Amino acid sequence: MIHLLSATVHQITPEGIIDRYPNSYNHFVLPFVIGITFILIYLFIGLIRILYHLSGEDRIKLLKSLFNPKTAWKNIKDIFCDCLLHTKIWKRKPLLGYMHSAIAFGWFLLIVVGHIEVWLFAPRHLSGLTEGSLYYPIFYRFFIWINPAHETLRGSVFFFIMDFLLLYVLSGIGLAMFKRVRSIALGMRHTTKPSLADRIALYCLWLIFPLRLLAEGFTADLSGGGFLTRPLNWVFRAFFGNELNFLPTWWAYSICLGLFFIAMPFSRYMHILTEPLLILFRNAGLKVRHPRKGFAEAEIYACSSCGLCLDACPMNAQKKNLKYSSVYFIRFLRRHNKKKTKEIAEKCLMCGKCYALCPVGVNSPAIRRAIRETQNNSINCNYSYLDTYAGKAAEVLSDKTRGKILYFAGCMSHLTPKIIKSMETILQASGQEYEFMDRNEGICCGRPLMLAGRTDAARKTIEANTKIIKDSGCTILLLSCPICLKIFKEEYSLKGIEVIHYTQFIDRLIKEGKLKVSKSSSAIVYHDPCELGRGCGIYEEPRNVLRAVAELKKASKEKDESICCGYSLGTLTLDEKDKAKIAESSVSSLMAEDPEEIVTACPMCYRAIRSKAEVPVKDFAEIVCERIENNDKN
Amino acid sequence: MIDFGFSVSPSSRINLDNADKEKFARLAIAEPDVLKCMACGSCTASCTAGAFEDTSLRRAILSLQNGLSDDASKLLSHCMLCGKCTMVCPRGINTRHLILSIQKIYSL
Amino acid sequence: MIYEGKKKIWAEYQKEIPEDHYFYVRSCIRQSFFPASEATFLDITRNKLGKDIFETEHHTTCGGIAYHSDAIPQETAMTIIARQFALMHKYGYENYVCSCITSFGLYCETLETWREYPELQQKIAENLWKTCHLEFAKPKFLVHASDLIFKYRMQIAAKSKFKLVNKNTGEPLRVVEHIGCHYSKMFPSKGVGGAEYPYVLVGMVEAWGGQIVDYPERRHCCGFGFRQYFIKGNRGYSLSNTHKKFESMEPFKPDMIITNCPGCPYFLDRWQYVIAETEGKTYGQDGHGIPVFTYEEVAGLVMGYDPWDLGLQTHQVSVEPLLDKIGIPYDPAKKYLGKNGKYLGEPEKPHCLK
Amino acid sequence: MKNNILVIGGGPAGLEASSILSRMGYNVILAEKEKLLGGHLAKWDRLFPDQVPAKEVLNDMLGRMDGVKCFTETKVNSINLLENSYNAMLSNGITVLADAVLLASGFDLFKAEKKEEYGYGIYEGVLTNADLEKAFQEGKKSSPAPRAIGFVHCVGSRDEKAGNPACSKVCCATAVKQAIETKELYPEADVYCFYMDLRMFGRHYEDLYLRAQKSGIRFIRGRVSEVAETAEGRLLVKAEDTLSSKPLKVTLDRLVLMAGMRPSKTGHDVGRQLNLSIEDDGFFSAKDGLQNLQKSKLPGFFYAGACTGPKTLPDTLHEARSAAMEIDRYIKENFRK
């Protein structure tokens, strides 16, 4: 049968471009058609499900965002940059970025250019299902017959472009295969262990493009071809003679595509299709409300299981704890394994590095918090005392604080009196008028409760603190603890009051000339606290100040790649030994350039790093304090 | 019944035979650190909520061991989970998870 | 329970109790609550056993109740005691036997204090001379009346008509013994058998055929505690003590309780009614209480005294089931007749305690 | 001519000192009142903090005893100081003329029955630390397994009424060790330790405590006040949980009393004859408590081990070794000029 078909092909030489088959159909397209139909239906149902699980409020938000030109433009830009070009990966690991963009963008262009080609040369095959528009552009080179004599320049350009794109994709695939063998070469220390569906999809993906090359190479003498396919055709002819039996390669190509699409929903490759949705959701300002449904579902399927979070996760200080990384967390979520997801959700330090480095931007800390919320939000508490205290405290502060700075040290800073003392010295030296909000006692900011998933309880502490701060009449709320800062910025509504971290504040004092500091020659390194850096995006202000007081060295991982000190309040179940290991790895990163001192700007980090570092560890305010030039001298 | 103007007063004695050991065992599985407390009192001394209300993890643990779970719940009901006790505990007890675990297991 | 172990301890707390010639002083409370007990003591020792027990109407209270209620200072109490001792000396006796445990404890305490602080003794002697013109003296031997009955327990057993045995089963009766706190808890060496396992009542019960039950709260106070009872606001505390003891002895199913203190039999007996009334709980069989006796009453019963002559009709907890158990005959019709045969009237029967 | 040295007591101190002195070339005569050498060590099963079998330690010591003349079941009937040597008459009829004497009479365990309220010898379930070690040695396991077991620290220690206001030093660690071993033997049982202060002063001791806690042993700060028997024949134990300021009771099947260290009677018998000074606590008084722990006020008369107060086994062995050196120095200075 196959032989007969190929024989007939050679008997007639067409005039111009004609269909080799009157119906433009061959059985080999079936696997592809089944696959693409399956995935389209699956996607449709999935989309409906996710939208259904969104809250009404969120659905309206989403709808509005789609018609808002600003967000619409951002959506397009993000989808283009994140889903196709993978600029985020490019920035950190160029080779890995090239690999991803080659496969994604290359494939995308192959589809787009392929369709344009069909639209230009055989437009009727795009007009309706009857003419095979579902599969025709994919297998165009099989169904078309072009007499080389009638080849136009326009046609040749497409031949070239298509072959070039195929080569582009193949280069990506080549790298991907190499990565499987030697991941470190592409800058990854840890890679994920693929599941069965992952493997099927992966091998299909690997095979699709080489098979396409083979198939198009076989038919290049009939359909025409570019710099890749045509020489390949000559080679085949040289080896196999004129009687080319090319149908099996087209079958294989179609089967791989079909299998890939069928395996897709069960594999990591679902991210290709989900990521755009996630981008829309994110740009619409939606938040994770349920740990598995709605937005979370979009996040879960958007995870590409690339494993970049394995290298990012501070848990990788011990191999046994790698299992708590986001990629596995998401995998267990996908499988509805409640026991495992709960365990991982509670273990996580919530340092946010996986989120910061995730090429897709899966906010797994938010999902972890949502899981904790289901566990812990219903715990009863008795916070009636907060109101009583807030009332009293507000009364005490209200007169004397009007128009001044209100300094809130927070719970933890009371275990590091150095920070408080240094802050007061700085405030006094720079002539600032301030009141101390929690000198003797105070209410927790609510961040620890929030991190533990006790949202309702956190709201109560937020309410009480808000009353004190608002009633005080202060204009600036000065914080020395980044844990507090994060929640004050995110969850408090303090209109008219500037919430500022002491790193920012001191930077401003120096810039405004209110605080004079001298520079010493000692080499220091700065540890970015998670809540301050990744949490609030404050990286430069502390560095500005530190450069003014000492020689600032670099850590091997810093800014948004900074390694958590291990003692984060984010974790609920990580034990002391594991915390200590993480602290060690954090310190070893800080010691990359042999600094003489380590500086940080968080009471938790301060205590954690101090317990492991062999060089002196100082708080940010403390080191500034040491370098204050006495104003009286001038 | 005659009202004599006085009656048998309840005993303040702890009866360990009546302590719910099964529940405590569940707690020890959820957070084994509960067994490590050496009653130094650092947690109580540093407690943020303790400035306002009677709050003590040490005594809560003790109350649970003594089968007085209501007392324990009361002693933790004001906790804001701030984590100071985790920082100061010399035995490295994961106090926040312990508190959450107590609150969950003994609220049933 | 290793009985040999207890015997070892008893062997360490031997107390010298002279056989005869005693100066006897009564107890304020017992004279009122259990007058028949003291009468029985004198009858048994003098008439049945032929001992020389001297008594004088000139003796007074020892001052113990006032002392323990903080109503009089120690020196006053000591002077009262010195007068008692002086009376003994005046009548030519060296051995002092008292009916009351509070007194016994206070005598021990006073003698010990005088030994430790001779100057105080000197002062008391002077007080005594100033107030009473009596010559100061100290007893050679101080014993409690229960020590004496303990001493004579075998003589009493030899003359007994009944044994502390259940006549239906032949099993010894299960007896709870309760000694007054001030008998040996303050000075273990002054009591027969010490404080931890006092032997004074155990010895009697064993000699008379009964079996002692050791229950966890056996050391506990009956709850009298002076102030705890005298002030109504504290009475719940007194009651709770008794309640605790009964809760503890309940699983051992005792047939009876024997005591050697004025307050204990009273409170162990009367509080059973209050507990029944307020808590709805009784500790004996079939809604009965557990009968509580003084050691003289028990001695009287085994020697065949008429129960009504022993004053058992004044008990709150009815004693008849126990009398039936032992097989002691009694005439129910005579229960509420006085010594002169006149009808005394009957108390109202509580519905909660049979 | 070899100098004679008399060692009184064949426990760890006596054995260790004898073997060293013998190797130094002295003629060592050791008198032990018991049938077997080893003292209390021979009656112990395992040793804190690492649970080393006592038998191994003892066998090591006994293996070095060649050359020492050991008389067991032998007491010192009389001893007196001659001009510069000691004349001792042993109960086996032998007279020893010794140039130096080492008293290594150790300690007696506090007689637990003296704490009447604990009911030792009265209630079946009440036993002492030594009884428990004996049971461990014999490999006895009760059936049915006890449901609850308590350990009382400071029995006859830190107790003026019991005649000993001082700490016996080893009981806390022993109690924790025994509690762990008991818990290992009966994993289902509730194990309680009643302590006043936990004196886990030595290296690894705190680890032992933590291990005990982690295995679920409950530490109750409070001295047991009294013990009674329930109707089922179990033990009703009362104490105050001083950490919660509440009285407490619990029903147990076994109560192990950590009998403390009291001066040995044998030691006193020797000391009396030589008029050696004894302190208020009943233990011998060393020449001074810092530099001359091994010396007595008499020339040529030395101490090692628990005769000068409660000691751990390593303490005792160190003292035995330094006593041997002190004796050697004394002999060299006085007899070999």
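Letters A, B, C and D name the chains as they come in the text, with residue numbers starting at 1 for each one.
Keep in mind that, in the parts below, a residue touches a chain if its C-beta (ideal position, glycine included) is under 8 Å from a C-beta of that chain, and two chains touch if they have at least 3 such contacts.
Worth saying up front: this structure is predicted, and the values here are computed from it rather than measured.
Closest to the protein's overall CA centre, chain by chain, comes B. When every pair of chains is scored by its C-beta contact pairs, the maximum goes to A-B. Seen from the C-alpha centroid of chain D, the farthest chain centroid is that of A. Distance between chain centres (mean CA atoms), chain B to chain D: 39 Å. Between chain C and chain D, the centres computed from C-alpha atoms are 46 Å apart.
With centres defined as mean CA coordinates, chain C is found 88 Å away from chain A. Remark: chain A and chain D have CA centroids separated by 67 Å (rounded to whole angstrom). The residues of chain D never reach two or more other chains; the list is empty.
Of all possible chain pairs, the ones that touch are A-B, B-C, B-D, C-D. On the side of chain D, the complex with chain C involves touching residues 113, 116-117, 119-124, 226, 228-231, 233, 236. Listing the residues of chain B that touch chain A in their complex gives 31, 33, 46, 48-49, 51-53, 77-84, 86-88, 92, 94, 96-97, 100, 103-104, 107.
Those residues of chain A lying in contact with chain B across their complex are 346, 375-376, 379-383, 385-386, 388-389, 411-412, 414-415, 440-444, 446, 448-449, 452, 454, 457, 461, 567, 569, 572-576, 604, 607.
Chain contact summary for the complex, chain C toward chain D: residues 1-2, 4-6, 8-9, 194-197, 214-219, 251-252. The residues of chain B lying in touch with chain C in their complex are 1-2, 4-9, 11.
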